[in-house]
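You will see chain A twice below: alongside chain B first, and alongside chain C after that.
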Partner chain A sequence: MEQIAQVLVSGLLSGGVYALASVGLALIFGVVGLVNFAHGEYLMLAMYIAWLAYDLTGASPYASMPLNLALMAVAGYLTFRIIMARVINADHSIQMLITLALSMALQNLALMLWKADYRTVRIEMTNQVIDAGFLVISAPRAIAFAVAALASLLLYLFLQRTWAGTAMRAVAQDGRAAVLMGISLRRVYGQAFVIGTVLVGLAGLLLSPIYPVFPLVGAGFSTLAFIVVVLGGLSSVPGAIAGGLLVGVVESLAGYFAGPAYQQAAYFLLFIVVLIFRPEGIAGGRGGERRR
Partner chain B sequence: MLRLRNLNAYYGGIQALRDISLDVGRGEIVAVIGANAAGKSTMLACISRAMDSFTGEISFDGRRIDGLPPDRIVDLGLVQVPEGRLLFPRLSVRENLMLGAYSRRCRAGCAERIEEVFGILPKLRERASQLAGSLSGGEAQLCAIGRGLMAAPSLIMLDEPSLGLSPIAVKEVMALVAAIREKGVSVLLVEQNARQSLRLADRAYVIENGRVAMQGAGSELLEDAVVKKAYLGL
Partner chain C sequence: MRKIVFVLLALLLAAPALSACGGSGDSGADETFKVGAIYPMSGSNAFQGQQCMAAVRIAVDFINGKGGVQGRRLELFEADAPDPNAAATEAGRLIDQKGVSVIFGSLASGNAIAIAGVCEKSGALLVESGGIADALTDQGFRCVLRILDKGGLRGAAGVDYLADAVAGRLGKAGDKLRLAIIHEDSSYGESVAAGARSRAEELGLPVVYDASYSTSVRDMSALALGLREAAPDALITVNYVDDAVLLFDTLRQYGAVPKVIMGCGAGTTSPKFAEDIGVDSDGIFCTDMPTNLSLDVFASDEGIQATVTAFREAFLDVYPDMAGGSIAAEAAFAGAYTFLDGIAPSAASLGFEDLREAALSIKLPLTTLGFGWDIGEDGQNYAAAANINQWQGGKVITVHPSKMKNGEAVNVPLPIADI
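Moving on to the complex of A and B:
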């Protein structure tokens, strides 16, 4: 029983970070209507920034967080201005090719700059645990979950309570009407893209003390984020959060009962089952449909 | 205050508007009537710059606006309530109204303005926290017009506000149009419902196949034999 609790908690902790890595993808899809295959590459970039800061100055990823997030915002902004803004009204197939190409370009850039080696950030905290009696939680994983939860809460408040956030929800529902309200689609698209990029970057830097960084690390997380987002109903932010937690728990349970080798298989299986029985996603009904 | 001269609009190679010239004076209700696909919505899209493949001259309050982006046009007080209402279905009625005041000029006064709109449209107050997608057709149209009023327009363009409404709801909408003018807001009323809109309008234009086919005082066109036959079913 205690072991099951341990497994569930551990799954939820991972799930929180998966959710954070995925909400940006859902936001960008929902608001901009763009399927971003390069999403995971921004997680990779943030991990490399965290590693570089650590390698060069010994700073922990938490200490370099402000710099890291600022750089991710710049990366998101430039990507939007230089590439995405040009294909926003293009065919979905063209958008997919562009983001796929971007993903490969970024992977190869990382390979060129930092080689294929696995890099690790070995701060003191990496091996520390929080011992809560019957539960033992690794400290960086607990921090990752807490920060992810806080970031999700802030995103929620932003979307619900601010003019910019309300405009974002409006654009996601009906871009044509939003224009008539005097909302500049281009600006809102840019904001959503930057926020999505910063959020996945935050997930990356939170992972860096517990997960090695290498040029292809983003590819795995892109796949994971796609599964999470489809489970959550594609463009739904709360759905992506629920989906992330679910994938974390399923992965953890599968690891415990069937062995670590089956973790990925388990959430792919979950993905297929949900698509067959609830193709609109677990949080479906909301999100999804969209007028442009 | 609104002035169109020789407006030509295109969808790809197809010309949807031909040399449209039209004026709306301060405090006027001007009706535009025409059959399906005549080009009425296309004309409004050009004015709001929801499309940009057009040529010709559009001025508002004496200044050219045909080069301005859509948000600047709303900022000037020229607002469109689109055909089919286009409310944000999964936002509440209150949030829909708020977004009407999105333009910088209006944000600060948003709260008072919502109260004003609730004053004119008390039904909306009851529904304030309901999702807009759950409104009936008549309520949705009132909400869409209320959302337009939130931008404090000096000219409001209504695209077929009576479309798909019950006769009672149509009456309510037409009464609202008259009330809006009483507040000093000019109205450009696009309608297929020719009888009601001609009665209400000071002047009217008939658009056929993308051209202005006729124009005159509302009462004049109501009595016109051609209009009677083609648009009033007499």
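Moving on to the complex of A and C:
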């Protein structure tokens, strides 16, 4: 029983970070209608910023968080202004190709700047655990989970309680009606893109004490984020959070009972089953999968 | 005037064709001998792949410094292969477009098998000094010459050492040592694990935990929990670098570090592993190719001794912070240098069959890796054997076999053992 509890806790801790890495993608898709294949590369970028801060000044990723998030916001804003704003009304296939090209460009930029070497952030906390009775809780994973939960809550409050958040939800529901209500689509799109980029950046910096960073690190997380977002219901932020936690728990249970070799197979299987029986995803509305 | 222009034009057009006439042969005096090198220069194995490429460049420079091979200067074509698909594509490009007849590679077994498939069809040799999967020499490839031991033998060597030299220090009889095996699931990991499993069975050692994982795994807590529950005496593990670090971190966090850890291959022997793990790496064993051997090992051949010294100096020029050496680079150098210096010059020609014939018929008592060259029909070097190394003070110390060792095993059991 203790082992099962441990497996569940480990799964939830991983799931929290998966959720955070995915909510930005869901937000951007929900509001802007853009499938961002470069999503994982922003996670990579944030991991590199965290590593650079650590390497140059010894600052932990938590200490460099404000700088990291500010730089991610700038990166998101510039990407939107220079690239995305120009294709926002273009065909979906063009948008996808643009983000795919951006993904490759960022990977190769990283390769050029920092080479293919693995870079690690080995802070004191990397191997620390929180003693919770019979449970072993990895400190960096616990922090990542707590910050992810807080960020998700803040995002929820922003969407529900602020004018800008309401505007985003309005655009997500019906862009034309939102324009008729006086909402600037371009501004809302830009805000959603920047927030989505900052959120995935936050996930990246929280992951940096746990995983090494290298130019292709984002690709693996990109695939995972797409699975989580589709599971959650494409454009649903609460759905992405639920999807992330579910993937984390399924991965952990499968690893313990069937063996680590089956971890990925387990959540891909879950993905297929959910798509067969509930194609709109966990939190998506019926027919939502065909809305755009 | 028109005639002159016509003749000049004809000569201009014919020149490339005429010069290419000698290309298919292998005896042109001012022609180069084209060789290729394919390593992962990007992606997850780039850290060691780049070192291997540097080592091959050094080998080629050394040979060119000695006048080349059979009077022909070496021309090296490099390719980046982060994965087997890229490896196959690049092998095809180097052979078909650049005209290389020998490829040095490949670090990862998956890449080696992919390259061998292309070489076999195209009539080029693969001198392999990284991939140790059994499948590379068990599939009947005629193009493969592997200078290293193979995975199955390496896994068995790890188990032998644990039973012979470690069990007693844990107060156990050799056949009472409880083993666990955790390995990454590519052909490399599978081969080594299969060898370990099979030898454990032969010796009657109980394997109480046996699990594999994909290198893209993000959470190893299930492995740590399973290992903690099984409570083995020793863990045999096969990994690449980043997953080795993640596994070790997770074992530490979950209080699941066994009394002995025997890493086999790339992951635990990489300097990056010890750099990341820090002092906790002290006492971790790693079965791998010989590395950073004492120059006394080469005392029987002054030429090889001088070459090893020169290589170490040249490699340090490229990687000044790697005074402890790089196993992967030393192997890559050994493969390229031994073939170009000890085999190719004696071949009847630099064509595929003659080079292969020379590689199989020539027996060398010593290479720069400390063992000899004795290639069997399957392309495997049967003079190769893995060493048992151990991390001690941030350095890889060879503790077995006795003729190569430069230190004694320490920290058995591991000071940080939990189970």
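One rule holds for everything that comes next: the second predicted complex is superposed on the first by the 286 of 292 C-alpha atoms of A that agree within 3 Å, B and C clash if a C-alpha of one lies under 4 Å from a C-alpha of the other, contacts with A are read in each partner's own complex, and residues count from 1 in each chain.
Just so it is clear, contacts are C-beta pairs under 8 Å (C-beta built on N, C-alpha and C of every residue); 3 or more make two chains touch, one makes a residue touch a chain.
Because the structure is a prediction, the values reported are computed rather than measured.
Novice: One more residue to check, A:E41. First (chain B), second (chain C), both or neither?
Specialist: It touches nothing on chain B or chain C.
Novice: In the overlay, answer first, second, both or neither for which of chain B and chain C A:Q6 touches.
Specialist: Only chain C; A:Q6 stays clear of chain B.
Novice: Answer with first, second, both or neither: which of chain B and chain C does A:P260 touch in the superposed model?
Specialist: In the superposition, A:P260 contacts chain C only.
Novice: Chain B or chain C: which reaches more residues on chain A?
Specialist: After superposing on chain A, more of chain A is contacted by C.
Novice: Tell me the contact category for A:E280 with respect to chain B and chain C: first, second, both or neither.
Specialist: Touch status of A:E280: no partner.
Novice: In the complex of these two chains, what residues of chain C are touching chain A?
Specialist: Against chain A, the touching part of chain C is residues 40-44, 46-47, 49-50, 82, 185, 211-214, 216-223, 225-226, 229, 241-242, 245-246, 249-250, 252-255, 272, 276, 278.
Novice: For chain A, which residues count as touching chain C in their complex?
Specialist: Interface residues on the chain A side: 3, 6-7, 10-11, 14, 111, 115-118, 120, 122, 126-129, 136, 138, 210-212, 214-216, 220, 224, 248, 251-252, 255-256, 259-261, 263-264.
Novice: Residue numbers of chain A touching chain B in their complex, please.
Specialist: 163, 166-167, 169-170, 173-174, 176-184, 286, 291
Novice: Write out the stretch or stretches of chain B touching chain A in their complex.
Specialist: Against chain A, the touching part of chain B is residues 48, 50, 69-71, 73-75, 79-80, 82, 86-91, 95, 98-100, 102-103, 107, 147, 151.
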